[in-house]
Each structure stands twice: as structure tokens, then as C-alpha cells.
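Think of it as A, B and C in the order they're written, each chain with its own count starting at 1.
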């Protein structure tokens, strides 16, 4: 699954509607940035899409969802647990296979944290943890990426590096971003969310930063 | 203040305990209790490590039984924890943990006899029930997010191994280590019914007034428990687990015919065994209820309620001993030592010692239960107060205690206390073996008279009582919205 | 750390499969009811084990137990083949093991006696019968399963007062064994107690009793007590005539030090029928079904 076509997206929290009802169609090859002020419903929308595509997407949630007690290697390896038999996975817990080690090491190299391969994620900094969650999403090898503020804890150069990598590895993506410049630079479609509704939906070529800032 | 539900519940329990005191037998009957107590303390400070040839062996056996019993209990408890959601499993676990280790030992003694299996199973079975409950609580606490992020089609086993276990591994390990310490205590008291652990020799020395010998054993036991962090290392654990079964001693061979006989004859109520019909069974049961079960239940409840409140009072009085908000490091260190001794001594041994010194009544049992359990809770809430940051101009001394600290830890304190309610009742029942007229007294009498049918009915009643108290305790904790942590 | 998890569970699984070492096929094992201080018992019965080993050509081992019931259960479960029982425990054991028989008893056991003792502070005086003066006092038996420390005193209390001990005395306890009964009454923990007269006489002779603090107030009529009981299947297990050889060995035991430790002046033949009176009393009191 690369693109999707969803209708009647809606979510309520405590009896109050936070999203929708709205419809959303994303074609294969589109890099969508979700923008809008905090509390507008971006995170909820991402989760909603993830549910509706029944998990057939790589997800980077805001809270990352890392297993703190496991090393970086295993947290990334978890992206492909479904591809191996139980015995293979169990053995990997004890002693990973060379092939997987090599693959994950080279992925970490792209994320600039090769030396952290065997460090438990609990002892990493916020930015490093975020990159582990991104690593897991990339390793997942899905056609669609759903990411909620994936670069919020990364400094400038690293943020650009990660966004480049994400665009390179995922044909299609929906990424919630609060950084308007980044959105315009790396995505080809911008969707603005306001009070749970789509307030803006344009190709990024036709937008400037000022157009988007109206949403805030 | 009296409008607060926690205060009202506390006062209700205090009132019940005070009313209980009216009915309870709490006399000191020894003509000179302090002389014996003095001689006992003299014995503890002048321990004689070389009088009993079997002391080293007993210590080794105590450790071996604890390791094998706890390892098996943890293994089966873990498996049960995986299916703990199923109602029959919960009931089964509640049942096996409602029966005290000593009762299990008394049951197995009847058909396995003095075989190591008796001691191993006596620990492993109730511990499996406890492990199942706590492990499942810990597993439920694991962060669900990583599991949600796994690709669809990930197998249950892989999900469990990667997304569940690692996240609660530390809690599982901490709790298992704590249980190992409990296992050492359980293992030691199994000696009181004849297994070759420390309690065997302790009873021998103590009943003969050889206080220096008894003191040596107690001192060794404290050292064993206090040094656990030094010798129970993750790296050494496999070695211990492999070695432990070989240090259980050989005991006496099992005769399997006895097992069959126990289940098909011994525990069948006498009137049924002798084909006397249902009327005879009715009067047999009625007689058992009126002459043994009801007095036993009454005394067990009475003692439990008094001991529970005494435990609470002691814990509230004891926690400043280790709190950083009072006193200097010297006083606090001695406070730590006092609480470690109080909680490391199995309440059965404490009660045994006090009964020998003060004579038979409920008083030694109350004091023993309060010292042991109050020591545990006092330690836990004392540690909790150390996390509290007081404002710089907070009052000192008693005002600090009553205005700043107690109100802040009181809910946690009640949670711990209600959590231990069931444990105190289990212990209360078992103390009957020492001669206090609780259910254990009648169980022991039935076993001494070789009437296992009566013993079994009484044990089942004890278990039912425990399950009832456990349910009541959970209800009260829920009503008062008290949080409990399983590591208590 | 996950490695450790796996290791631990594998090991636990191995543990279950590990058979417990138990290689003592042809050892002849015996026990005795724990009616006195254990140190004394271990010393005494190790001597007996050595003596029997020299006479029977099999390994003989004594195991100490913590209660009368444990002695009976071990005998019943064939974990011990011979036991030094009291009157009541012997009756219980032989009832549970068809074919088992009383082999020998001490010379003194034909006419055994229970002593009622009292702390001197009670002012109770020696008398020819159990008087009403003991009413309302605190009282201790020995072990729950003891003949001289429980069964016979309870029988006489019920016969004298027509009431259960709990109604006659203000507090009733079980000291555990005869030595302990002396200590507890001596210390005043209990005001009155009942015990095996042999233990009393021996401790008196050894000078371990404070006669200013405790004295005998009543002696019961005589009854049969301790005996050696053997299982019926030992001949099949240890060879034809084994029972007779054990009986012979016990009857010929004449080591004065060993006899003194019991204390008995010697052993004489005994039969199951000798203990009928005990069985009747036990049934009357409700200890036997």
C-alpha cells in the first residue's frame, strides 16, 4: 500500500469531536506535510490513518514507542519481526545474525549513530531516541510513512539529513511538522489542519511560508 | 478530618481491634518473662557457632530448598501469569497461595515423608500462585505502545519477547529477588515440621534453652539475608540453580503407594470411608465445625484484626527511624539495623521465641506479627518519606511528623497495610501450630491424631477465609482508591 | 539481559527433570517419638543404631522426627521399619499398618505411670487422688499424641471431674515433650502439668529439677506404655526371620549405659494385645475414630 483513500475520518475525545468528519486521499508518490497549531488534531489524524490502513504503514509516533530496556539494535529490528519465524526472533534476542547486524549498522550510519548499536535506548538523549524510532520505521520497509513530529528534537543539520533520508526511503508519506520551512522544503503537498478540519490543501510549489503561517 | 474516608476506615479497624482485645487472651503467663528474655539476648550476643555439627549443613540446605522452591515457583508462576486472565486460573492461583507453606509441608509430609520433594513443593506451590498474580500485574504495566507499532502479522511470541518482557524485565527481576529472600525465610521455618533446614536446629536448641546455639543460628540467618546482594549475583545464579538440587539432602525414598493411599483413603471423610452413610457424614461435619472450625475461625479473625492494627501502629512509629527528616546518620543507621532485623526474622520464629519466653497466649503472636510486618511497612514508607522535599521553614520534631509527613504517606501506608492483611491472616492461622488456638492449632491436632480428613477440611476452610479477606481487602483498596505496588 | 532470562528458564526446566538422589535401598531405618529433648534422643538412638547394626548385618539408621504424628506417618509410609512408640502412637501405628506387631517393651512399661506436677507457688500438696484444688489452674499436657503426657492424664481428668480439661482448667496447653513440661511448670508458665514418670525420675536423679519450685502432686494408676513396633513386611524385605532377629537383639540389649539412657532396666517381650486398654481409652476420648 502506498497511497490511500479514506473517508469519514472522525475522532472524539471525552464526547468532544477533535477530528473530522473529513476525507483524505493520498496518491502514491505524494509527500504530505500536516501543519497547524498544536492541538489542531494532527497527532490524532496520524493515529487515525494508521488504524484505518490496519498497520500497513511505518509509524513514528510522538512518544516514539521504544522498548527502553532493549538496545538500539533490537528496537530497530522490531520493525521486521513479522518477517521471521519465532525461533529466529528469539535467537536474535540473545545473539543477532550477522546479516541483520550489518543491515542495521549501515542504517545507523546514515543516522550518524553507528556507535550506539548496542546501547540500551533508555540511556540515549532525546534526539538519539527520535532517530532510533525513525530507524525502526525505515527498517520496516513499508511503502507508506506516517510520522508525528519526527524531527522535533533534532538540530538543524541532523534534521535535514533525516528528512532527506525519509524522502529517499519512502515513496509516500504523511508527516506532521511544525517547522513550516522544512515542510515546504521536503514535501510536495501541504495540508493545513484547523479545529479538526482541513483548512488548506495545496501543492507546496504554490505556497509560501506566509500562506501557511495564517493557520497559526 | 473525620469526614475523610481513609480516616473513617482506619478508626473502624482500630475500634474492631479494641473490641477484639476484650475477648482475646493476651496475658503474660511466665512468672519471670524478663529473666528468660535477658538470657535469650545474652545468647544472641554470645553466639556459639561450633556447638551443633549440623549447622553448616542446615544453612546449606536452607539455601538449597529456597533456590529450588523459588525457581520452580517462579517458572510455573510465569507460565500461569501468561494465562492469568482466565477466571479458572485466577481462582486456582488464589487457592494455592491461600495455603501457607507450612500447611503444604504438613500435607506432603503425609505421603512423600521426609523426601526433599516435600520441602521443594511446599515452597514452590504457594510461590507459584503468588508469582502468577504479581508477574501478571507487572506484565500488565508494560508500555503497550511498542506492541502497537509492530508490523501486522508479527507473531504473539515475538511480540511478547520484544515488546513486553524487556520493558518489565527489571521489575520482574527485582520482585523475584525479593521473593528469594522470602523463600529463605520459608525454607528456614520448614525445619519446624522436620525438614533438615535451619528451623530444625533452631527449635531443638531453643526448646532446650540453649540460647547461645539458637543465637548463633539467628545471627547466621541475618548475615545470610543481609549479604544477599553480595552473593546473589546474576552471573552466579545459573551456578546456584544447577547446584541447589544436589544440596537438598537425600531424605528418605518416596513410596508411591502412599500417595495413592493419601488421596483415595486418608482424606476421605471417615464416615464415607467406613460406609456409614450421609447422616453420619452430616454429624461428622457438624461436630468438626462446632468443636474445631468455628472456634478456630473466631480466634484466627480476632488475632488477625488485633495484629493488623498493631502492625499499623508499629509501622507509623517505626518509619521515622530511617527517615532522613529526623535525626542524624548514626541514629538512622541503627534504625536501619533494627528494621532489617525485625523484617528478616520470620514471624513464625519470632512468635516461637516470644511464646517460649512469655508463655502461651495471643500476645506473643500479636507482637511477632506486628514486629515483622510493621518492620516491612515501616521500612517502605520510611523510604517514601525520603523522597518528600519539605519547604525550608517546615516545622521540626513531632509537628513535622504529624503535620508534614504522616498526612503525605498515609494513603500509601494504608495501601501497604491492606495489602498485608491477607498475609497476616495466613501467618495467624499457621501460628496455631505453636499452640495458640487459631485454625492451625486444630489442623495440627487433627494431623497429630492421624485424622487427615479433618485436617484437610480445616485447611480448606483456612484457604477460603484467606480468599475472603483478600477479596475484602481489594474491595476496600478500590473504594479508597489506594494504589498498591506488588513489591510489598 | 534477555540472555539471562532464557538461561534462567532453561535451567528451571532442567531442575524439574533432575531426579533426587536416593540410594538407600537396604538400609534398615528406625525412628522414635520425640518425647524428650532431642540432643538426648539423638545420643541414645545412635547408640541403639550401632548396636542393632552389629547384630543384624544390615545398615541401620536412626532418623529424628519433630512430632509423634511424624513418627507414626514415617512408619506407616514404610520410610521407617521399626519405631520406639508410646502406648498411643503404637496403637495408632499398628492400626494403620496391618501385620505390624509390638516386639518388645521396657520392663517398666508394663506398669507405666503419669505424674501430675505443680508449681509450689500454687500451694498444691501431694495427695492420693486428683482433688478439686486443681480447678481453675493453668495446665499443660506434653505432646498432643503422647500417652503419658496426654492420653492418660486427659482420661483421668475426665473421669475425676466428668468434664473436658478445657472446662476444668483456666488454660490448657501442650508443652511439646516431657522435659519441656517440667521446665514450664518449674518456671510457672503453667501451674500444673502431667508427664511421663520415668522422665521425672531420671531428671530428679540427675539433679536437673528445682525441687523448691515444682513437686509431684498425684500419681495415676498404672497402664502399659512404650514399646518397639516393627512392620509386618520386613521379613520379605530383609530376609526370612528378620523380625525374630530384631526382637532377639532388642531383648538381649544389656549395655548398661544404653539402657540407662532410656531409662529402662531391660526389655521384655510385648504383644499387640497388651495395648488393648490404651486403644479403648483413646476411642473413649475420641482420639481414635
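The rule we apply is simple: a contact is a pair of C-beta atoms (placed from the backbone, for glycine too) under 8 Å apart; a residue touches a chain by one contact, two chains touch by 3 or more.
Protein names from UniProt, one per chain: A = ABC transporter; B = ABC transporter permease; C = Putative selenate ABC transporter substrate-binding protein.
Model, not experiment: these values are computed from the prediction.
The chain with its C-alpha centre at the largest distance from the centre of chain A (ABC transporter) is C.
Centrality by Cα centroid goes to chain B.
The geometric centre of chain A (ABC transporter) is 79 Å away from that of chain C, both derived from CA atoms. If you average the CA atoms of chain A (ABC transporter) and of chain B (ABC transporter permease), the two centres end up 50 Å from each other. Look at where the CA atoms of chain B (ABC transporter permease) average out and do the same for chain C: the two points lie 31 Å apart. Within chain C, the positions touching two or more other chains are listed as 1-2.
Shown for chain A (ABC transporter) are the residues in touch with two or more other chains, namely 69-70, 90, 93. Touching of two or more other chains is recorded for residues 161, 166, 169 of chain B (ABC transporter permease). Here chain C touches chain B (ABC transporter permease) in the complex through residues 1-2, 4-5, 7-9, 11-16, 18, 20-24, 29, 37-39, 63, 65-70, 72-74, 76-80, 92, 96, 119, 121, 138, 143-145, 171, 173-174, 176-177, 179-180, 183-184, 187-190, 287-289, going by the rule given at the top.
Of all residues in chain A (ABC transporter), those touching chain B (ABC transporter permease) in their complex are 54-56, 59, 61, 63-70, 74, 77-84, 86, 89-90, 93, 136, 140, 142. Of all residues in chain B (ABC transporter permease), those touching chain C in their complex are 25, 29-32, 36, 68, 71-72, 74-75, 78, 109-111, 113-117, 161, 165-166, 169, 192-194, 200, 203-204, 207-209, 234, 237-238, 241-242, 244-246, 248, 250-255, 258, 270, 274, 359-360, 435, 444-445, 447-451. Residue ranges of chain B (ABC transporter permease) in contact with chain A (ABC transporter), taken from their complex: 143, 145-146, 148-155, 157-159, 161-163, 166-167, 169-170.
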